[in-house]
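What follows are several structures.
Consider the two complexes below, in which chain A is the common component and chain B and chain C are the respective partners.
Presenting the complex of A and B:
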């Protein structure tokens, strides 16, 4: 506790230096400051306090307080604190100072706030990120006066492949050749070498945040959150439920938290096995792909056995879970995990000895540590570049404080390192599920009755197979007033430009796949200029290549 | 030499695992006993209260009302098979099944309608809930029987009137 007070004192001093008010609520430190102090405070949090900038949230609070608000969310991973840096903005055309000079990772989320809530950022170039090119410029979908089922008049605008004199353009997409998701890369090649990359995403923005804030109730949003991503859906629904529970200060039964952790690890197993299969397929080792997916099928059966569905498990609710893992199920889970561990070990051993797999993975798509830190990458991509960060250990949630596990960290930063991180995590997950099953306490699996008071804030990070998901919830009457979601691929995509540069074209699909991209997650929330042309990632331009 | 031959070990793995593709649909079962599939609504048990409609996340269950009837419409095309309706149904009219083969060439197969008659209001000729819902309420709490011949709006009105009369101290009868 003494340690905690000295850390909180540090934050109190920081807030006092900027005339800001500070409030500590559980593991979240809320700092409310005047807009002009925000860049300075954010810079200190990022550079001196070594906090990670996760995302920023713009909220239309006019019906409540008459202001717009902007909250930058940081996490202090070494001390286990969440830091919410909030400011109120006046007027119908609110203006806020930009923090991208101090925190480059805030680029996309600021532009998202500009598109969806209409906050102008001072001191930076602005472009349209999320909304389609034909969308009218004065309509902001996340403002409270915009109806969720309204469709503004829009003219469809088509986009063309960029053709330059210096290099040839190779379009990849709008469907990824391996991952079957809508996104678009333009690779500029000279001979066989990739010299530059452009990314155009956000084709599948589905307005999920607006839907959760308008049509749905607290318990319904769990099912919507699960559909943000087809692979790591349970992470999103857990993250949402935990955020609401934190905001409402609900004491969720321990057993429910254990069941959540078990299902989260089962989902990580299936996700990593799927990715390994896809990676082998991309390097042309289809036999390995088939066998990896054969053993993955066991995990799919396991999740159906435990939850009632192969994917989109649908067992999370605010206040607990819907399906118990009883004693009769334990032997079958342990048996499946044992055979899985044996078969996986054998298969990975064989697959990594295949010369083509070894050569194609080693030394390709290198992301050096310095770039990884600057870009704020997440999950296995960060851990393969030597950043030791895992929300399960640093910001424990659900039942992770009860288990011991290693966080695999590699320093090479190439595709091989990212593969090995995932291989190691599979073994860790298997051991974690066994520990969790062993220690599972008895008791109820969900709270029967509880109230959620309006106007409370909950922030939660959940480590998905691809990195940290973050959900931010402001509670309202019967449904969230504001619900903000950020998926890990959002932070990982900008790193691709570093990885692809000066690499042979043949390695590009594999390198793109190596971040395990999940475009639907990211796009829930487009990189285009007002004239409809594709925007070049300014963030990555900041990194000297 | 053995290191070079290691990739060939996959042949052993493949022989051991054999054929894993199931001969569906000639082989049973494809789904586990815990699988959540199609829901079935028992028309006789359903009282048309709309609890399932309020709980349904994707709006697969909808309440459609006209003058005399209330219809619960289940559209399978939207259903996510979460079974929240099964959880919340007060009379246990909705049952979860393991059915998953739902493809059809006729879109009308994807709709299930449960039609309920509305209860008539004695005061205003309009109507409120379904008849079956009133029976259900009376059964649960017999004391309510005398209020139930009016629709909720008329009930409110007559309640306010009687309070107003009492306040004014006048008795009109």
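Presenting the complex of A and C:
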């Protein structure tokens, strides 16, 4: 208590130095300051307080307060606090100071705020990030006066591959046999060496936040959140549910939290095994790929046994879960985990001893620690570069405070380190599931009746297989007023520029894959034809979507 | 005359082998990976299906197609020469002609991706050239050493160490020539997946794949022919021994490819040189000692 008090005093002094107001609500410290103080405060939080910048959230609060707001979300991992640094912005063309000089990791979230809410940032260059180039410039989808089913006129714009005299250009994507999702990398090469990288993503932006804020109830958003990603969907729905429960101060039954934690770890197992198989395939070791996915089938069977589905489990609700894990299921779960652990160990020992696998993973795609910190990378990418961070330990949620586990950290920062972090996490996850099963309390699995008052804020980080996923919720009437999702890959992709530079072209796919990219999580515009008819393009008039 | 007809018949029959043996390899690979795998005739089915598709030319496809057809022509000629050598006449000039035709076919096969106006294809082509420069040159050296020793120019127990070393080198160069892991870096690297296999389609693709598989057949045939010629007399019997040996060698190479990963283009020549230099040094040393004693 004394420790917490002195830590909070630190934040109080920080707020006072900027004439800002401060409020502590549970584990979240809310600081509201005038716009001109934001860069200084953000810089102090990042550099002096060693907080991690997770994302920023632009909100159209004009119906509530007449202003726009911009909230930078930090976490103080050493002390287990969330820090929401907020400012209000006036007018219909709001302007805010940029913090990217102090916090380089804020680059993308500022441009997303610009694209979707129309906030202009001072002191930096601006570019289109999320929306396609042909999107009209004065239309901001996340403003409250933009209806979710509106279809603005778009002019088709064709992007050309950049040609330079200094190097050759190798375009990869948006559709490429090597890519599992649409994304676009332009690799500038000299011979076989990559000298620079340009990335263009957000091809799978689906307007999920707008949907969640417009036409869905609190409980329906759980199922939408789970569809943000096909691999790590459950952690999104858990993160959302926890954020709403935190905002509404709901006392969720312990048994439900244990079940959530078990399923989260099962999801981590399937995700890491999937990734390891893909990594082996990328280095030509298809025997490893096939065997790893064979072993992964046990996890898929386990998921189906526990939730009724191999993936997209659909068991999360605000207030608890829909399915129980009863005593009869425990022996089979434990037997599956034991077999899985044994086979996984055997395969990893063989696979990592294959000379080509070892040589291609070691020393390639290096991300130095300093760059990893500046860019705010998440998850195994961070832990492989020597950053000891894990939200399950630092910002405990669900039932993680009841289990003991190691957080694997390596310092080499190369592809092998990222592989070994994931391998170690598989063993830890197996151990954690066993502990959770052993300690699971009896009781209900969800709250039957509860209220969610409007105007409350909830911020939650969940450690997804790829890293910390953060959901920010402002409660409204029967549905979220604002729902912001920032997936871990969002912070990891910018690190690719560092990891790919001066590396052999042949290592590019492996290095890109080493961050375990989930572009569906990162993106959230898709064209919906209402009646299935085909519209002919008119280059003069534009195309009606 | 009968020999010529036999050579023709055997060569004709062997033209189907690459497709069937690839199917067999895929089945064995599947077993290692605990899968069921496609039927043994799958590669043949795929070939016939592709041949029945519409021809879709692309920019520069004429030149690339001519190169593929030239490759197959050279490979078939090489096959005929090697069969003539083992069935009709043990004339080393014919063996070397067959080898030369194979090497020229390798060169034209390496040229093909470079003629496709696709950056991924061209990167793959350059990679193939880099590996070929090391590998095919060593193949020539090893065959030279073996021919010299088997030709009786050097007589001494030490020459047999040199012979063994040269044979090992020849089999390794033969494996690398087949373009299997860890040396399938010209076409199987993930970043090149949008290369030649995307540009070629239908009959063009079928022809290109057939050329790749025939290359694998010849690469295995060369060392086996060299071994058999010293153990058997000319005749059909040698062919009847050769074919099962080809099958076994194909499968051994396939199993080896399944349990390794893929090397990287900058590592491949270095790895090969680290292997070839000591082996060839041993071979040449044994040869020289043999010459000295002879």
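We adopt the following convention: the second predicted complex is superposed on the first by the 519 of 545 C-alpha atoms of A that agree within 3 Å, B and C clash if a C-alpha of one lies under 4 Å from a C-alpha of the other, contacts with A are read in each partner's own complex, and residues count from 1 in each chain.
Quick note on the criterion: contacts are C-beta pairs under 8 Å (C-beta built on N, C-alpha and C of every residue); 3 or more make two chains touch, one makes a residue touch a chain.
Predicted model only: the values in this text are computed from it and were never measured.
When both complexes are superposed on chain A, chain B and chain C sit side by side without a clash.
Once chain A of one complex is fitted onto chain A of the other, the partner contacts of A:170 are limited to chain C, with no touch recorded for chain B. By the touch criterion stated above, A:314 is placed in contact with chain B alone, chain C being left untouched.
Touch criterion met: A:297 reaches chain B, while chain C stays clear of it.
Residue contacts after overlaying the shared chain place A:287 against chain B and chain C alike. Applying the stated contact rule after C-alpha superposition, one finds that A:305 touches chain B and leaves chain C untouched. Of the two partner chains placed around the shared chain by superposition, chain B is the only one that A:216 touches, whereas chain C remains out of contact. When the two structures are aligned on the shared chain, A:224 is found in touch with chain B, with no touch to chain C.
Legend: residue contacts after superposition of the two complexes on their common chain; A:54 is shown touching neither chain B nor chain C.
In the overlay built on the shared chain, the residue A:504 is in contact with chain C alone; chain B does not reach it.
Between chain B and chain C in the chain A overlay, the least Cα distance found is 5 Å.
Chain A residues 287-288, 291, 294, 354-355 lie at the interface with chain B in one structure and with chain C in the other.
The touching residues of chain A, when paired with chain C in their complex, are 168-172, 176-178, 192, 280, 282-288, 290-291, 294, 354-357, 359-360, 504-510.
In the complex of the two chains, the chain A residues touching chain B come out as 216-217, 219-220, 222-224, 227, 287-288, 291, 294, 297, 301, 304-309, 312, 314, 322-323, 343, 346-347, 349-350, 353-355. Across the complex, chain C meets chain A through its residues 29, 32-35, 119-120, 123, 181-182, 184-185, 188-191, 193-194, 198, 258-267.
If you check the complex, the residues on chain B that touch chain A are 3, 6-7, 9-10, 13-14, 17, 20, 31-32, 34-36, 54-58, 80-84, 87.
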